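Have a look at the structure that comes next, please.
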Amino acid sequence: MKKLLTEFIGTFFLVLTLTLCLMSKTAMTPLAVGAMYMVMIFAGGHISGGHFNPAVTIAVFLRGKCSVSDVPSYILTQFLAAGVAGLVSSTFLMNVGTPIEIGSKVPQCMVGELLGTFALVFVVLNVATAKDTMGNSFYGLAIGLCWTAGSFAMNSISGGLFNPAAALGNSVAGLNHFSDIWIYIIGQIIGAAAAAYVFLYINGKD
Amino acid sequence: MKKLLTEFIGTFFLVLTLTLCLMSKTAMTPLAVGAMYMVMIFAGGHISGGHFNPAVTIAVFLRGKCSVSDVPSYILTQFLAAGVAGLVSSTFLMNVGTPIEIGSKVPQCMVGELLGTFALVFVVLNVATAKDTMGNSFYGLAIGLCWTAGSFAMNSISGGLFNPAAALGNSVAGLNHFSDIWIYIIGQIIGAAAAAYVFLYINGKD
Amino acid sequence: MKKLLTEFIGTFFLVLTLTLCLMSKTAMTPLAVGAMYMVMIFAGGHISGGHFNPAVTIAVFLRGKCSVSDVPSYILTQFLAAGVAGLVSSTFLMNVGTPIEIGSKVPQCMVGELLGTFALVFVVLNVATAKDTMGNSFYGLAIGLCWTAGSFAMNSISGGLFNPAAALGNSVAGLNHFSDIWIYIIGQIIGAAAAAYVFLYINGKD
Amino acid sequence: MKKLLTEFIGTFFLVLTLTLCLMSKTAMTPLAVGAMYMVMIFAGGHISGGHFNPAVTIAVFLRGKCSVSDVPSYILTQFLAAGVAGLVSSTFLMNVGTPIEIGSKVPQCMVGELLGTFALVFVVLNVATAKDTMGNSFYGLAIGLCWTAGSFAMNSISGGLFNPAAALGNSVAGLNHFSDIWIYIIGQIIGAAAAAYVFLYINGKD
């Protein structure tokens, strides 16, 4: 329960920052959101592992550092928190969002999300679950700014979300079409699983 | 006395950076102010705890890591430092500030400050007072950049202050109306107290 | 093989971020690319050393911390990954790039790359291979943000690449002329070798 | 000699980044320069202490952590490196700089530099010379980003240099009038000395 509350808080503020920054159209959105991701990992990592992202939860499970019984409750909590964040942003705080139009660029969008999520999960597993980097003080910085860098790169392609819960939160807030969510989720899950298997090939089970 | 001097210095430079950046209308204000907050925590944390924010002092007290006798003097010092910083910015250095007009958006502003302060205090308590994260080298980075991320998110709603002393400093510098300070302070105190209780529920007294 | 896979992944995402950001013409390109460089070093450093840059591989070899048998395979892998990244950016994802016109500014461009690479390699060797800084948690941050700072400085001169593989990736993506690559590579190799010898003079072999 | 070479390299790249960024008029100058300052401290701190700034050298001497015999050679080296950097920027690489016009704002400029240098030196002494913070991995980050934050704040007042060598380098590069250097140096030395005495009052000799 304490783990789920922590996942709720982290995911909520991550998606709240994302949706509010996108609504204000600030050029610094990737930096702001990556910073919130970073600080929530530093704050909540010691409690819940600091996933805040269903793709990360799946990858950490594949890597063997998240028990199978935690997976559904983590993912449900992350989607719930993201939905609430999208709702708070749109109905209460600002209520202005222009959805990204993907149109005929479905393959580009899916591959962009796949690549960005691969990078993110590769970094997560190496800085937060590898034996060689244990005890470091940079795990949150590395993960948060990987999101930032990837999101700057994929910004004009897919928006750069790398997180199924963020895709839901954005849709609730009117920043993505609900009908496009599958593009994000499929790309992200493939990217996350691929990164987990690459990590296991390189680092071994332990 | 040495603690109070440290709180004065940290809060003074925090609010000075805030008011001067707002006066120059740089788009990087949240980054600059969060950076100053971060470095003052790294510099002064080992002396006074590095609060620089009445909402943080109240939350650290509720969490049981600030003696009741320190609370009034810390808060008074923080408000004094913020007032002096606002005065130095406006009367001596630049003297140009346009106040944020909140108008009918009082609930949005209050909830925005509540949420941002909740995130900030949740991060402060977890990275600087929790047993599991003791001895880390990231506490200042996490706290400073939580302010940055939250301030980018709430920028177009309330300005994103998350600090009663900053609300006072801004008012002195003509960047907020004095008549709006209560909106900030109420939202911030509620957010800080809520975060302290959530922290205690999750982590326990120790 | 695991080292080379790690070098491939890191270099691929580094050059992918570079080329995509340049194509989108974001003013934050140096920050985004430096951030990706940083996080890939934090993620892959414990496996391959986290070079992702032929100039770094040569310098680490000169400093005596990379076996001679690793040098050709590392460099080949880095160029391959950069070429693939340039191809993915240009043919699949965006396909819009305006090449930098160096024209008569060949000496400026070469010296700019020489200086930026000197700074980068000086930082790499000191934070990642020196005895006095062993066990630190900042090596990735220092190296990534050295790239960022140098690239902001040299942006209007050479684009600020400091990495022969990035020069190749940019050329594949249509962001540099193939006929200009030699200017980059010569400047970068001289800068890297000079930094390695200065490091050895200052720090000694160990 | 090895210390002086390190001070030369660090100061050279610090001032080169400053002058080139100012010439390109990028809005991110304070971030780029603070980043270069940070990484040179992480790289050179273990050799020379990583001052790269005469005001810092004076303050570290006053605090008792720099031998009197090092002071003149350090300061001379820093000014020399800054002059060379200004020359390289202006005559070789770009040759375009518009000097800041201080006009009648001499007191504002001097106080702005005094305050910014006070903050910088207060941070330097606390994160790099205090017993309580020994062994941390954030000293370079704290010092570099203190410069960044202060420079964003003082940007429209004095340019935000907080470093006598930078004032010289800027003047050589045509970004400050030589006749204004005294304003910078006086403000900076007073700020540095004041911060050293405040540090000694708060922390004691050790």
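Letters A, B, C and D mark the chains as written, and numbering starts fresh at 1 in each.
The criterion applied here is as follows: a contact is a pair of C-beta atoms (placed from the backbone, for glycine too) under 8 Å apart; a residue touches a chain by one contact, two chains touch by 3 or more.
From a predicted model like this one, the values you see are computed outputs, not experimental measurements.
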item: Self-contact between copies chain C and chain D, residue sets same or different by half; value: different
item: Maximum centroid distance from chain B, chain identifier (CA atoms); value: C
item: Where chain A and chain D are represented by their mean Cα positions, the distance between them in whole Å; value: 39
item: Interchain centroid distance [CA atoms averaged], chain B/chain D, Å; value: 27
item: Chain C: positions in contact with at least two other chains; value: 27-28, 31, 137-138, 141
item: Complex interface listing, chain B residues touching chain D; value: 2, 5-6, 9, 13, 16-17, 20-21, 23-24, 26-29, 31-33, 35-36, 38-40, 42-44, 46-47, 88, 92-94, 137-138, 140-141
item: Of chain B, residues touching chain A in the complex; value: 27-28, 30-31, 34, 108, 111-112, 115, 119, 122-123, 126-127, 130, 132-133, 136-138, 141-143, 145-146, 148-150, 152-157, 198, 201-203
